[in-house]
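When the chains are written out, they are named A, B, C and D in that same order, and each has its own residue count from 1.
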């Protein structure tokens, strides 16, 4: 399946189900993938932050991606995160993604090393030229510790290096200005927000779609939200978003003295998916701290409140 | 004039016009204040970041505030920034604001010193108890270097310490969750966004109003945007916001090698206000670097493009 | 007393004793000042971060400073912090310091507002020109959120704007390079480190002295450390520094869930000074969270271990 | 060769010479390795930040490491960086390092993902248990964006998980307290500073050695500095350090408008090594911006000033 131009709609960053022993649970990958497609999502983003890409070996990444591509079977495009520190390493990840049959790549700016806008632009150009697949830039300063400069994104959109942007920066003001400046310069460029609590706003502002971690838990909700926005029914979109934003509280059930916010959020997505019987086991990859049983009970309560359980 | 409960609408953070010698230009304060009220704003916020509060002596602050209060003459409420490092110093600023006749105070969390959520809550409670005016919390991590914790704001809203929040954090996801959690707990609490590029979004999300620095340049635009949103005409609100977001580019005409983004933005607001003949002199307070003439010409071009000149 | 050129030795950042009601306890200011001079310090720095300058009103600052100047009576120079957001406000503080009889001023870069190296240099030049007293730059990124650029300090040292630097940046590598570059360019420039745990190192590297918060608790220890370093007895200097660094653990007795590190450290200095009978009351200014009794007991234990009690 | 316990002395983080085509230049790896051993270094650290580990593929890393181990031939221990985002990925890198014959591993805390002290401790314990080689913790907040908590390092030193620490945090105060607290609790634990501008200070404070990037350019200088410190000749150690700190200015010859500080520093180390004929080609890995010819000329001048050319 060729990648739609621009890619629009709901593209969840798919969690990677694991067995109790820590291996990729391919049966659960298949079940979850089917569920998401049934819910009406417009694409799948494998091996992003929600997919625990930072915690998976190259072999595990390949297994998860191949399984999702095989399950999707061309019904929706599969985007593959190629998360690694710099160009040469990203290209090794990209070769795996090509081999697995992904339709597009999603790469961040260089990280671990300190970088520079000139280097960031060169990095994306080299990845695009060598990898042979459409390329999305992944702007996630919480992980990468630089913000993609708007001017760099504009240049790379205009010259065709980038097919789109996944914006998880949380900087909605900068995103607004980008959307305005993209008009006319790169009409096929796809802007997807990763800010899952303000999707109605991003769509009102002109974004093409959303990559919501919470979409692993309530994909249908995001599909309804997207449809309402497309129909211009902003009151309905807002109401759906409010419901989803309230549900997002399940990511804060962990004890902050014992675990970080990342473990709490990824653990909650998996615990909820387990409670909804979308996957077999809620384990997260080491060394993340697991949620305790009481937290899982509270997560179940929140699913019930949201009408999901 | 008593403060409306909740305060709603467009409340520009009024710039402080200066003479070429660096003193407060009271005639220009009066002219600008009249202009803003004529444009339909719903309140005035004096002595905020856009008002160069950090650069003005206590005497200058008092002069600017007294002049604005006198000019407003009860037609719209005047909120006074009481920007200082911690409680006792803020209370000295608050005494001046009471003397000048302000209708409400706007205070940040402690800054310069490192602080803690328990201290932040205690700080606002002490200021509210001692100052005798409604109190807004000013969440501006770019200046204060802490983000107001959502739980602290909720507690202070519920117990009546705070009359409202001016949110310049740029964290729209956290704001969304706050708006949801405030419902029912504090119906009279006013949430004003300081994120002037995404006001349509904030209003869609349920915010009560906006404190736009750019409102010094195009107050009527923000008033139209607010009216469209209140009428549920989100397409019109978006179009107005897009026009204003494009206009915001005037804040980036300074040379980043020679001046910081703050000088460039405050200088641009003043240069634009001068070109629009709202004030007599575009000088900013020392040690801010002034914009060069070429930048001012480009700012004029942008005003013309936006239909303002 | 004229300021020595360069200023060298131990210059404690004097805490500001308060009464239980929160007013400046002038009797304790006098007792503590006498104690420090008796211990052999080479100067006093009033109204710095350890002096809770951020928490004191202008009137309280003036009272504390006047009392210390009067008590010192020319035996050692008194440096006065003039901590405020930008130039005009700092100059108001400087006028008070001149009135109180201070021998030198200590000012930070602009804070609260975002700034730029050109503005920082202009700020110090304006303060020096208008205030009429020798000026030290206070590099404290933890409070000010910018690091003083080495090139700016070098320029301001070479042209005589600055008499010295109080370096609380913790960036010992940059300090080393500054010390090397200052040689020959500004031989009378005084470099004082505020990093109280590595004073032996700073003196070995060529610093002129130290401004240790812990010097409120063990001034004699820092005087011995300084003397050993001046004598070239680095083993003795290291041993003394190790003892003081171990003692510094008293700053961490507060419960991090209930109070911030700043409250814990300032509270500890005051609790220790009270236990040593240098001041009458250990209260810190609002809204700082006070240490609980158990923490004060542990602080007493640490003083005993260090041979001070 | 077994790893000395504790490891002490000069352990340069060896740069990875590349061919003009970007492949590992094994002949230059051998020549540089011989040169460093001839200069008297006490160990070699391959695949650290100076080694451009973030830019090399797994295959390139393995080639560089195998070549260095083979060349060292047991004369000095070889430590191998196993830089990757989290536990499972680090273990894949560790398997390569074991295969290549390294004597010890050097791992950071998890990065890209947000982490927590409990996870950091678990991460190091899992790596140590599974990898089968002595393990050093690499504290480099500039890359990893967390600082290793002192309490975590102490626990992992005391229970034998860690053989040592490479501290590139620049937080000399925290290092001092760690050194004091390690005494008696973990006498064989090795503390190596990565702060190459203050090595005399770190050794005075009790550190065991240094991992200086600049040691690729002047290994003999660091060996002399270390020897002087061990002999208690602190004046000589300081003089040598001052000379090396002045030489370090070669890392700042790049144009900051065109390249970042990391490219400038790594490029300078390689340009200097090329000028000293230690390697054949000064190329750095993509997408780093190369130094221009004028910068390389200035680097040559600095080598001449330092008596190296």
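We take it that a contact is a pair of C-beta atoms (placed from the backbone, for glycine too) under 8 Å apart; a residue touches a chain by one contact, two chains touch by 3 or more.
Predicted model, so just to flag it, every value in this text is computed and none were measured.
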Item to check | Touching both subunit C and subunit D (chains) | outcome: none
Checklist entry - What chains touch subunit A and also subunit D? => result none
Item to check | Separation of subunit A from subunit B, taking each centre as the mean of its C-alpha atoms, in whole Å | outcome: 35
Checklist entry - Between subunit B and subunit D, what is the gap in Å from one C-alpha centre to the other? => result 49
Checklist entry - Hey, what residues on subunit A touch two or more of the other chains? => result none
Item to check | For the subunit B and subunit A complex, residues of the former touching the latter | outcome: 170-173, 176-177, 180, 195-198, 200-202, 204-206, 232, 234-235, 238, 241-242, 245-246, 248-249
Checklist outcome for this item: Counting only contacts in the complex, subunit C reaches subunit B at residues 22, 49, 54-58, 60, 83, 85-89, 92, 110-116, 118-120, 122-123, 126, 142-145, 258-263, 285-289
